[in-house]
């Protein structure tokens, strides 16, 4: 038992002294962790908190880029991603992703964290508790990406179901195939193995593809396209929210990428620098590109640009130089502009650009490893794996193969899911509800109630 | 003295190398701390920063759930809780809470941090500096809870005085009785001793009771009840603010609970997981409950729900399993809905639900330890203390006794305080001021000035 | 190479175990860092993340204190400070500041981080990677300060150029002269050497002077002064944004000052306490002062006050007692009010008070070291250097000399820069654009588009 | 038909609405407006500099009614909106030559 | 000249504007308003307590036209704004005795 | 009595208000409106897609005055609001049959 006497201040100038001799959460364990072990776990936990903070960022970006009449619904969807998504990952997600698996497909143990000693820190590694916390907030991120593309027209309860299935099954299976050691982890082309350090593909491309399918099944918002089929902008109602959201997401990314080192080592700050520079380069190149395309530095697009850079560097951040991070980010910043224009043209209505930012630039990040990798990020298992560093095309092929597998899996799963939802309880609100706004009809609430209406 | 030469970059690739040989803040000390000691202190400090961030969350939740005409006053009150509250805790709060005490009642040394070596890190513990920082931000949290219940009708300067007294005296005494080793810490029922890991009772119930008294002494806002006495909703003017606030509070809670371990050990992430799951379960169950009650998933109520789960798990987070955290949170999520409805009916006008969230669910969290405790959280001093784990009712009795003591103390103290304020400078603004809004009349400012009014 | 096998979960209950044997980002190194070394670097990195978060705070404060019609432009400027500023610091800033220098003036190596082993952690110090990250976010802070004073009338692309030059050259040179070991670091008056622990002068005064020059070259906003020359207030459009920004900046300052210890040692929390208390005291004294001056507790001014206290304590936070921190902060809180009134009177239109907060109170913080320093903050190299602690006036003189050098340098550089911009592409938007608002004309975007305008 | 325009204090809106409902008024169009008048404004200071809040928030109601209903409507508004304090507001009546219900195309009093 | 005032559903604004442009209307002044009428509102609950959203968002258009154009304008609005659903709104016409273009000081129909 | 309605550029509001005060106007009711007219709007692009900002922000003033004061009021507004640039706005005058001060029940010019 832990010594309570030491928990209670003995009165010596308020010094709180505690000795943690035995477990309080979790059962006993053999290995006695070192200060470095504790540091590793505390650091990754803190990184996880930064990642969780991204939930607020996603909510703000989505809310800011859409209309006031739907703002309550948008925050409700994002709150759902955290609340339902994390519960789903707790129930089955973690088990499917990291549970023991006979074969390549799926894990089948530790549902609801059963039979896990959360406090057992292995030598030089993370305790199951730390791992679960970090993985759970990642899952919440993966699902919330789709929310933006489905904004302003999705039935709330249908979205809740999507969110649950995504975190309970679709995403965890991909994690099992990669970080969990399944299907994709087994690919080996002349020694080249997959590398997706923090999840450009596993997390963002997955979310982006789900976003695409959501937007596809829903169809564009009323008024988004003119009679002649030309796209008409529906400007967001609160740009400050959107950009505040971008800043918060950027902050969160300093947990997302550096935290994925899963250790408190000498490489953390280098990973952070790559993350920072890619975001900056992307923002700058988006500003230049959109100014050339439409004449003005459209801040909403620049916001997309910064996020595009962050998404792209998520895979290569541990394997490339700062200079190449600028290149990768810069390309993402150009890419995202044309991607947004493209999806607009083909009538995929994505109010916040989630497909372009997370889907397209997630893909770009994944293959950029095959082009620019020079350091061993502990996935690659070798130096100079990138094509431009003499590594040949093997790595590029593995990355492409990986992207293809993720694409197929998410297309099929979300296709079935959205199809079933559409056929049963329905995916889209009525035209009347969409025109009046979802807030009052779905939630009985106005986002911005006027004082007027309720005094006396 | 510390070697300045090392402070200034010698030019070797910009490597900043420093050796801290002797103290800079605080005086000399004997024990030479280990890396683990430093880790403990840095971690708890960072947790304290997260807790401080909660101030922004409280301000946003309160502002979002009230009217635009009072938004300046609401941010002013929350800023006061930080500014005045922390100064008051510095002046006398810490001394009363953690100063040496002859007996059970109150500490009487170290006013204004006098005679404390802030930098003295004891073996396996926290320095007075780290402890003070962490405790000070807790104090600011305790006082700011009441702000929400007193919103839209309280005189600013009266609130300032309340805020000061709360942090200078009322709250510190409770801390002294518990974490400080006084009255409540001395209770022992067949070996069962109090357990309030991070303060469901000490911090939140305390704040909730003060909130109740504030709302009681103030009376309901004009227009809150119809002529026939039936409650009329006064919807908040900015739901996005409210939910952003909930997200920020949630983030802060990852400092509040895990930081209360007061060590960087293997239990931190488990505590965080319990915190996260309880919040999720509460949010989900509130969504379901309010939908059954009023037909729609009211996001403002769901926001309360998430906070209710966080408050409830604050006491048991170190002693229960993840599964039981879901149960505790889920119950809190249901409880908070009916608590809000109840206080509405009895004409206690609590604009943000502070009494229900912090008072009622703080109480629930406190007794839930007596029901579900299975691990030793270093307060309990034993395993399986909970009723449902064969620990008998002793623990439950201690927790109930503790709750009763807190209830009486806060009722009496705040009763006297609000009574005196009401009898002297007055507690409530004039009806005219309340109708016009507090912002312009109390602060000379509009929350949202129109561009119109000030161009040319 | 790093062991991939350990990267991929072997299935043992999802425990992710990793051993980082060799570098992934950066090349090999000789010294094997200890747990304490890793802790130092992780801590300073996390502090850097908090500092980066300040970008959001600056954006919110500026946006909240200005008009809705310019809110997009304001967020665009602040995003630019991060995006362009950090890229500029990466390109040349770091090299000028910390590169090898033959003499006192400027560094000339490691442009674009060339020839730096980012991962090389020296004994008891920070790796170049950690140092760069921390210094880069500081640079972004220094430049963003000026944004507020130049709000609502500056051409976007001119601001972009200012932002780049500031981070690429003007600020880095000052850093080289001080933390970099140049001109100012070489000053020695009877053993008294400069001390600017976290940059009241180096960062904030620099930013404040640039802000002054910007406001001077731009001239006041249309309508800011009545025909008779009397100042007319232009109230901010969103006080909640402004105060949320203040809270975020306050949080960030817990990275800014404690992080500047550049070590995870026993002094971190003391530095944080000084920072916290100075902010509180400043907020309180500003509230009292402005109430005496204008009759009401003007929250916008109180927000300035809190920031004034934070700026002032930034230099002395490592050298003074908590009590003296209250004094230093309190004085700053009074100072800022009269500074704002003064600049108003002399027709320097500073919409957010950046000159008063960062310039004046940065100067105050710098000289306060000469008055109140009692501990050795590792710059001073001695105890009791302050005038009031028997240290004589030597320290005061050094601080004054330092301030004078910074003043001259920034006045000259920004004078030339703004002069050139004004003479070429122009610094200020047209009167018509200023009246209509910069958002639509510069960015093609409204900050708050009405739903109305885009349905059907 | 006539258009009755009433400028009242915002917190009186619910009372006035209920009063009008009570006498059978079927429709009202409401706007948030700012009023300048005898009530005057405040002179406040923002960050030390003075500014006048000349315009106080008001609510304006527009009600189209049949000629014979005008007096009743005006009286009802006065009764419900009056506080006796300066700034209670104004009511004015203008002539409406034609009224159309968009949904049906009905004209005149049928459209009210 | 006449002032044509039309209260319509917000999402119809673009259609109505285009319809009026089509028939040569040179100017419109638009306001966001709240309407109370047959359409009624919702009774919602906020944190468990009931409240009525009596007023639904509408948009009001004010158009000054020459007498002879009134019918055309009214018809155009009805055609563009009608959905057949309750709440489509109203149009009313009042007489304008004088119109001035501020820029030029022009009066009467020249000022339209 | 007459109701003078003026639609002006927002930044001219203070000047117009002061000008009206100067000639003894006791009360004004102001609204933020959006204007469509010769001034035209902007075609902007948002995230790559075009949209028209057809309506530019304007401010509308409503002033009820005695018949004899109309010309003075109109002239004062024109003088204060004119910039000579397109988009300065319009002023129109309609007849008011009845005016009531809610506070006192006073009618007619006494109520102004």
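The first chain written gets the first letter, and so on, giving A, B, C, D, E and F; residue counts start at 1 in each chain.
Just so we're on the same page, a contact is a pair of C-beta atoms (placed from the backbone, for glycine too) under 8 Å apart; a residue touches a chain by one contact, two chains touch by 3 or more.
As the structure is a computational prediction, the values presented were derived from the model and not from experiment.
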item	value
Between subunit C and subunit D, the fewest steps along chains that touch one another	1
Fraction-based call for subunit E against subunit D, same above half, different below	different
Mean-CA-position distance for subunit C and subunit B (Å)	30
Where subunit D and subunit F are represented by their mean Cα positions, the distance between them in whole Å	17
Rounded Å distance between subunit A and subunit D, as computed from the means of their C-alpha atoms	51
Two or more partner chains touched - positions in subunit B	35-36, 39, 46, 120, 127, 132, 223, 232-236, 238, 294-296, 298, 300, 435, 444-446, 450-451, 453-456
Where subunit F touches two or more other chains, by residue	11, 31-32, 34, 44-46, 51, 54-55, 94-95
Parts of subunit D lying in touch with subunit C, wherever the complex brings them together	44-51
Contacting residues of subunit B [partner subunit A, same complex]	34-36, 39, 43, 46, 50, 67-69, 94, 97-101, 107, 109-110, 115-117, 120, 122-128, 131-132, 135, 179-181, 185, 193, 222-223, 232-240, 243-244, 246-248, 250-251, 254-255, 258, 261-274, 276-277, 279-281, 283-284, 287, 294-300, 302-303, 306, 318-319, 322-323, 326, 375-383, 435, 437
Of all residues in subunit F, those that touch subunit E in their complex	2, 6-8, 31-38, 54-55, 58, 60, 70, 74, 77-78, 81-95
Subunit D - residues contacting subunit B, complex	11, 34, 42, 44-46, 51, 53-55
Complex contact set, residues of subunit A against subunit B	1-4, 6-20, 22-26, 29, 33, 35-36, 38-39, 41-42, 45-46, 48-49, 52-53, 55-56, 59-60, 63, 71-72, 75-76, 79, 82-84, 86-87, 90, 112-113, 118-121, 127, 129-130, 132-133, 136, 156, 238, 241, 442-451, 454-456
